[in-house]
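Chain IDs A, B, C and D follow the sequence of writing; residue 1 opens each chain.
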Amino acid sequence: MAVETNLMRKFLNEPALVVKQSLAGLAAAHPDLLRYDAAAQIVVRKDAPKKGKVALISGGGSGHEPLHGGFVGTGMLDAACPGEVFTSPVPAQMLAATKAVDGGAGVVHIVKNYTGDVLNFKLAAEDAADEGVKVTSVVIDDDVAVQDSLYTAGRRGVGATVLAEKIAGAAAESGAGLAQVTDTVKRVNERARSFGVALSSCVPPASGKPIFDLPEGEIELGIGIHGEPGRKRATLQSASDVVDVMVDAVISDLKPRSGSNLLVFVNGMGGTPLIELYLLYGEVDAKLRKAGLKPVRNLVGSYITSLEMAGASLTVLELDDELTRLWDAPVHTPALRWGV
Amino acid sequence: MAVETNLMRKFLNEPALVVKQSLAGLAAAHPDLLRYDAAAQIVVRKDAPKKGKVALISGGGSGHEPLHGGFVGTGMLDAACPGEVFTSPVPAQMLAATKAVDGGAGVVHIVKNYTGDVLNFKLAAEDAADEGVKVTSVVIDDDVAVQDSLYTAGRRGVGATVLAEKIAGAAAESGAGLAQVTDTVKRVNERARSFGVALSSCVPPASGKPIFDLPEGEIELGIGIHGEPGRKRATLQSASDVVDVMVDAVISDLKPRSGSNLLVFVNGMGGTPLIELYLLYGEVDAKLRKAGLKPVRNLVGSYITSLEMAGASLTVLELDDELTRLWDAPVHTPALRWGV
Amino acid sequence: MDAATITTWMTEIESSVRAEKDHLVQLDAAIGDGDHGTNMARGFEAVVQALAADTGSPPGRLLVVAGRTLVSTVGGASGPLWGSALRAGGRVLGDHATFDGDQLADVLAAALASVKDLGTASLGDKTMVDALEPAVEALRARLAAGDPVDAAIEAAGTAAEAGMRATIPLQARKGRASYLGERSIGHQDPGATSTALIVRALQRAVANRG
Amino acid sequence: MDAATITTWMTEIESSVRAEKDHLVQLDAAIGDGDHGTNMARGFEAVVQALAADTGSPPGRLLVVAGRTLVSTVGGASGPLWGSALRAGGRVLGDHATFDGDQLADVLAAALASVKDLGTASLGDKTMVDALEPAVEALRARLAAGDPVDAAIEAAGTAAEAGMRATIPLQARKGRASYLGERSIGHQDPGATSTALIVRALQRAVANRG
């Protein structure tokens, strides 16, 4: 282990225990919001199950913190199922989470579109149905860097996941039924698009080696959140050139009505500091306004990350009044909090 | 410029403009909270000056985001004066900020203990006094890594700055007078201690080169927030060994009453992701409880950073009922928000 | 062939996956997320433990237990895929205490069918299917031609490895590698690679049968 | 000596600080935060611009303007320190149109006094004081001994450089370098280094006087 940690610039004990130890720390820091069930490896909202409330759960590989455990709390997720780093959780986790949060009104599974996540959630949903829990699943696939097609795995789920969890969580908190909450997740996914870029790779604790090697001065365009290489590699441009690429990719695919209200989410990949994210936001905001669009809400920070990767992603959600109201509704989780 | 940016893994345009462009982005993202006066290079609370309210301002070199601009808003700072990266602002900025926020009840200058910050704030306070503004200054010096002495520059101001700005900001918001707000800042500084470690250096945009070079597998113990090397270099230990060093350094100097309530602040230096910070928090929390202390409040995240440096700092504040109440009071800034 | 053949098969998979762990990780790092080796090693280590605890179950039951164990320990794409595959294969054998070459072919065919059903991948999508499908066909063909089971399974291993190498020029249409589009071309698929190991492990298990 | 001497001094400082910018940055990176070269270059570039705008002011006034400009453009420790130093030095000259060697010594002495007053550093703390104080003393001593001003200021430059080198073995007690404790030993102080440049620039300005 000493050897492995020496290959990395990480605070780490036994690499195999990083997920469990980080979750234990999350629970120790936020006992008022959530509890960590170490046996089932799930993070559960403290007051779950809420009788009569539709419950939301999500999950996926770890390494994307605060996603998903940091979004468990009032007005967002009822439970999170963290897998090993970059490896989707197993059906037993989703089943345990589903049963722990079901208040009788049904449970929505928010699934990022990765084969592993989709297949494991599928098996879990079957098991849950066998046990008589009403479960719906929505697959998030907002990453425009991936060309979609009937014959492929389709687009990845990235930034829109955070927005869907917040917005649908507000709907559930306000008493919406299973069909309506499910539909809200779908609407966010339909009206949101994302595009990410990396300035460095990241180092999974287990291997202790960078996933890909990106020389200084080069940039990966169209990356996901698992340290995978992007669609193409280019030489590093100025921030405003990078913003042009991100905004054009997202807007040309989303095709928002001109003059429409947008939620703009500038996300850091884990190793990029806020001084740069705000610089990017300034460029994005100006470019969108020039295009006749209205960034009326925004989120700037590292909310869906790829370990310590240097990089950023842009997610744009076209808002309507209801989505705006649900975004503004109170939320109280370790990573997102307002109105309470 | 192309050359310089190519030396870095940063989102950057003209390096000389990084501070101004990032502040413009901050203002574009949070028009409801603050405005950016580009001419004076200061960030000012939107509704300043508040008649009859004691105002708080702080400032220092940039590169520590969200400190200080991200803490401007209700219940915290009235204005921030950002200097160039790692270079303290000039007296003209502090004077402009002081005049912009003075509501007649006086202005408190929260100054981190660096010669440059102290001297520039000193000249600014003299100018403000000449213009008839009541100004008090408190120097924050919580870094136990620096041996204090009458004959030296003394300890650096680090993590306690964030806590002092939040807690004294709440006092000012609740109508406390100049003397009382000033005293609150002093009490936080007296009851707080910090210690930081780095797993990497950082790259100032202007030079495009790391300040020091830290081989993988080595760690700098006792660093500040300007990429300066620490008190000593060691080989990277496990996270719990690092936590032992940090907790022992802080607690042996703070000497809290046994059984006392603590606010525990685990801070990331900019390039260390949340998965690691929560892992560290878990270890710190457990170790403090073993020592018979009570971590009743905590803050985990990257709030006072050193560009994209990989590393973390621990700040412990011994709480009393009033400090706890002020910490819990509503705050609404870009980086800290609760109760509203 | 009997329960011991299955136990040996799983032990053989575990040791060769462990031996090839870093290689599988490298292949997955190039076009995926670099965890395939860790995933397979973790899963089959658990399988070997589970089977060690299980005494006296018939071979089909052992495969079902192995499949369940993979599903509950691997995660990722390969966990549910190989987990369902072994479960489906095990159901074919019911409670029979022994099985012959044709039944073994039925087991692998059922495994392939469940992988294709769950993952909706076809031949040429640059997945484990590209190694498993040729293996099943070769096994059936040689048995139909009257070859002894050892020779037939040997041919299946060869076919699996050919299919594995054939993934190199392909552009991935399923799994993470598909996100890379054309950049996935020129890399060997990690899942097809571990699939070839699994077929070769079966060959050794069959050869060592009592 | 007159106003032109001051303007030339500032121009000479600007060009040598610009030439030594990277060196000063390296020195500051070793025991500080790596911005001393940038800070001084930014400041004196602004000073040269400010003085270019100012026509016909007496030398003392020019020094006050230069000091104000440093305070308002540099930031960091060196800004207020050198800024107050030049302001204090300028006040000594009042509105006189010319000044002699002794008055120049008074200017530097006042500058030193204000640095020590504001920064509370003493000789041996590993700061700019370690270069400036020996320079002032050498200048005074040589003038008292009857040397011409050119020779005296040349000696001051030599003393400043000696003081600069003498900072290498010292442990810093003031400024950022003091945070390093013993690790500050073995490095030359950046501020003492730029101070030596400033005195040598003065020497050239005096030599070039009309």
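Heads up, the rule we're going with is that a residue touches a chain if its C-beta (ideal position, glycine included) is under 8 Å from a C-beta of that chain, and two chains touch if they have at least 3 such contacts.
Because the structure is predicted, anything quoted here is derived from the model rather than measured.
Fewest steps needed to get from subunit C to subunit D, stepping only to touching chains, is 3. Following the contact convention of this document, no chain is adjacent to both subunit A and subunit B.
Spacing of subunit B relative to subunit C, judged by their CA centroids, is 55 angstrom. A separation of 32 Å divides the Cα centre of subunit B from that of subunit D. Shared interface positions of subunit A, defined as residues touching 2 or more other chains, are absent. Chain contact topology: the protein chains form an open path, each linked only to its neighbours in the line.
Working note: touching chain pairs come out as A-B, A-C, B-D. Subunit A makes touch with subunit C in their complex at residues 61, 83-92, 114-116, 119-120, 122-123, 145-147, 149, 151-153, 156, 204, 206-207, 209, 211-212, 224, 226-229, 231-232.
Subunit C makes touch with subunit A in their complex at residues 25, 29-30, 32-35, 38-39, 71-81, 84, 118-119, 125, 173-176, 178-181, 183.
Residues of subunit B that touch subunit A in their complex: 1-2, 5-13, 18-19, 21-26, 28-29, 62-63, 65-66, 70, 199-200, 216-217, 235-236, 238-240, 242, 270-283, 285-286, 298, 300, 302, 305, 307-308, 310, 312, 334-335, 337-340.
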